[in-house]
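Shared between the two complexes below is chain A, which has chain B as its partner in the first and chain C in the second.
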Partner chain A sequence: MMEKMIFGRYVPADSTVHKMDPRSKLLIIFLFVCIIFLANNWITYALIGVYTFYMLGMSRIPVRFLYGGLKPVLWLVLFTLILQLLFTKEGNLLVEWGPIKIYEEGVRQGVFISLRFFFLILMTSLLTLTTSPIEITDGLETLLNPLKKIHFPVHEMALMMSISLRFIPTLMQETDKIMKAQMARGVEFSSGPFKERIKAVIPLLIPLFVSSFKRAEELAVAMEARGYRGGEGRTKYRQLSWKAADTLQLVVLAILTILLFLLRA
Partner chain B sequence: MDISLQQVEYRYQANTPFERLAIEDVSIDIPAGTFMAIIGHTGSGKSTVLQHLNALLLPSKGIVKIGNHEIKAEQKNKNLKQVRQKVGIVFQFPEHQLFEETVEKDIMFGPMNFGVSADEARERAHRALKQVGLAEDILEKSPFDLSGGQMRRVAIAGVLAMEPDVIVLDEPTAGLDPRGRNEIMEMFYTLHRERQLSTILVTHSMEDAARYADQIVIMRQGKVAKKGTPEEIFSDPIDLVEMGLDVPEVVRFQLKLEEKTGIKLEKIYLSIEELSSAVTEVLSRGVRS
Partner chain C sequence: MKFRALDMTMAGMFVALMAIGANIATIAPFLHVGGVPITLQTFFAILAGAILGSRLGSIAMIVYMLVGLVGVPVFADFYGGLSIIIRPTFGFIISYILIAFIIGKMVEKNKSLATFIIASLIGMVVNYLFGTNWMYYAYKLWAAAPEGFTYKMAWLWMLPPLPKDLILAVLAGMMAHRLEKSVLSKGQFKHLKRIS
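== the complex of A and B ==
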């Protein structure tokens, strides 16, 4: 049931992207999210597309798997497209179909916005698919370290994040298990009238909340029992190492940025 | 209600990089009224098999027959709810499924989902509560205020109140104290005898398997490694030990005894009473001759 979900899921493999330093990956994603807004014509969107699929290819994540996991999101993308098509009323009239009127600007904007959405989703999934939660947190903590000067709780944030990421799969398993237990008691989650299906969420959510709170408490006790006392003076088992490939990928991104500046309308 | 699995295969997360073959070529027949024990190591596929018995998992290959329902791979299956009413599952740690405000409401939840009236469901809740050995004053309490053992019993009562023809138990006594364990197993055994309830029990306890089951299935790495009556299964203890499984204490005792004294008994005995009378007989014969 929950098995097709790919958000926050790490797929171990031996690819260039997997081996990159999490700091460079985080930087790339952050910059990518910024520069994607530079694209404003067909050629620049095509460039962003080429770059996205270049990264995707390097990661060796099977496309079929990615497609299966992203299918629900693709519907959302499609929905955005349709909204734009129907409600933008600028430019030349292209099609008139009874009450439905589609304008040139609607097509342009619809395609652009859904493409942007689509590329963003692909790139961010790529980050979590190729980087283990621990690496992501280590990377973030190191990148944000300067903020400690202004008393921003970097370590605590990173810890919170790594715990949340760590427990996503557990929560999914738990959800699956409780769904099955309630289905065995006659609950129908995926058929029947809408009202019934909404009601079916209660026997799922309450046990999930109860077990999450219990688990949080147990985790806190276990951490204290093992002497956890916050980030002060804490050393790291895994050392991050910045390699030539990381610099190279940032250079590629810089080139992409320059091209976008040159080619945008 | 008869259940049979025919060459069933199941893959978790099929068509993803996480694809995992959990069981393959599993064929098991469970005629109505059988008490079957399934044993095997963790990860050998026991829970996966169980979830096929009431169509919570649909086979990737093969056929599952549950009464008149035939469930095949790659086929739209309707009326699964009917199947689920007939086959009740008590999952591992069933107390995790409790959610209602009161114990009574939680036990009534299953029957009412299957269209039983509130009055009838309440009656069943009272009956089920008695069966699992809890007092009525618990009915108005919140299930979250109970002890672990009580929660377990309430959750079991919630499944019994559905009045299924077949009951499927996934390690129902895991994590309980020895006394609670015995009480719960005896309760399931009584139900099985009195109502001819087919019972399928996954357990790690060879003692329970030997004491209660008519049929034993041993799972190993997703396949059925062995099946037969307890006598057949435990008559070849060497085989079991090679699979890394235990033999019941009684059998272990008999084997040691035979090894130490050189006396060979007629067959493998599964209860202390049978073994002791057999030993007494052999010894008295020995004295006479």
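== the complex of A and C ==
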């Protein structure tokens, strides 16, 4: 559990996609989410599918991890499919079974929209499966750097992200510890009616807040004692490097976009 | 816009607290009601607004969203990753930013217990209004839900947990007021950047 919290869904491997710069991966995913809406017939959906599986193949991520990302959204895909099948009433009547009538257009719409979800989820999972949260944070910070011009606190937010990543596991352990400590003092956590259980939140959360505030204060003092002065002129331990492979993948995506424009209905 | 170290560490801490609040029922199994785990995300979002103020509180909630988007499982059911954008419940995550901002604005002016509770209740209403509308339009646009899926259906879906959430909102308001009086008016916390 703790490991999962720190590394997110990252699966380490030695592949082309893993070695790509997080900036190019972020750009590719962002553009992909936009261009998937260009697909509106069988050939364009097939193209999107080929591209998705080309990227997946290159990443060498085992199928079970992809399925893990897909599982929580699967009901949504199914729900969409059923909704489309039952309520769209255009085209030829295909099946009639009591009150249930399924039309051609419903099948077409249902399959297309499910496919769109399916590819979107696979591609967005690919980013988080091949890139660690720290890398994505670094990439995001550099990509959003221009926003500093309009006084958007890019560096500060990236630092807050790192701080929270560091403290999520700590505070989880803390919560567990507080709960056990309060139980030892006789707080009834396990049973009782709804009202009692909601009340039991207080002896759990007040110590959690107080201890996290204390940690925040200690960390701030430590940062100031070491002379932290903010983003200006700060050097980095992890350096990002844009390689030929990154440019190549963006070119591939550009070709896909052009093809989609040409082939869409 | 200048941040001091304490502003950033406090915001970071609230992001971590949000992550715990989303999945508190796995750590504290007593927070299951009828088999359904309670999440305390809105609860913590209310507190973020009340304690960090409108500016820092809403920034903390944006950071929470980003941490989840980059793949750390900080959302409910230990979900994380970019694909959350597609889920119709993503509106609730965005609404935390609004909640923290609105509550921060209200509490900055008046620090009485009544203000804290009213602000929390307003926050909860905003959470429902924004989240449910987002969900409805997400189904309409992403899933291209046809005529059969009505606006009323979306609301009927959302109503059952409302009483529980209103109780939690009152509790959050009371707790924020208490923390304000006991911890945050002392030491370094007095200087926490709470007004933009």
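By definition in this document, the second predicted complex is superposed on the first by the 179 of 265 C-alpha atoms of A that agree within 3 Å, B and C clash if a C-alpha of one lies under 4 Å from a C-alpha of the other, contacts with A are read in each partner's own complex, and residues count from 1 in each chain.
Convention: a contact is a pair of C-beta atoms (placed from the backbone, for glycine too) under 8 Å apart; a residue touches a chain by one contact, two chains touch by 3 or more.
Note that the structure is predicted; figures quoted are calculated from it, not measured.
Residue contacts after overlaying the shared chain place A:Ile29 against chain C, while chain B stays out of touching range. Taking chain A as the reference, the larger set of touched residues comes from C, when chain B and chain C are compared. Of the two partner chains placed by superposition, only chain B is touched by A:Lys177; chain C is not.
Look at A:Arg185: by the touch rule set out above, it reaches chain B but stays clear of chain C.
In the superposition on chain A, contact of A:Gly49 is made with neither chain B nor chain C. In the superposed pair of complexes, A:Val210 makes contact with chain B and with chain C alike.
Touch criterion met: A:Ile202 reaches chain B and chain C at once. Comparing the two interfaces of chain A, the one with chain B and the one with chain C have residues 4, 69, 202, 206, 210 in common. Within the complex, the chain C residues that touch chain A are 1-6, 8-13, 15-17, 19-20, 24, 27-31, 33, 40, 47, 59-60, 62-64, 66-67, 70-74, 77-83, 85-88, 142-149, 164, 167-168, 171, 175, 178-179, 183-184, 187-189.
Within the complex formed with chain C, the chain A residues making contact are 4-5, 8-10, 29, 33, 69, 72-73, 76, 79-80, 83-84, 86-88, 109, 113, 117, 120-121, 124-125, 127-129, 131, 133, 136-137, 140, 151, 153, 156-157, 159-168, 170-172, 175-176, 179, 189-191, 194, 197-198, 200-202, 204-206, 208-210, 212-213, 215-217, 219-221, 223-224, 228, 230. Chain B contributes residues 12-13, 15-18, 51, 54, 56, 81, 84-85, 88-89, 91, 94, 96-99, 109-110, 113-114, 144, 158-159, 162 to its touches with chain A in the complex. Residues 3-4, 11, 13, 61-62, 64-65, 68-69, 174, 177-178, 180-188, 202-203, 206-207, 210-211 of chain A are the ones touching chain B in the complex.
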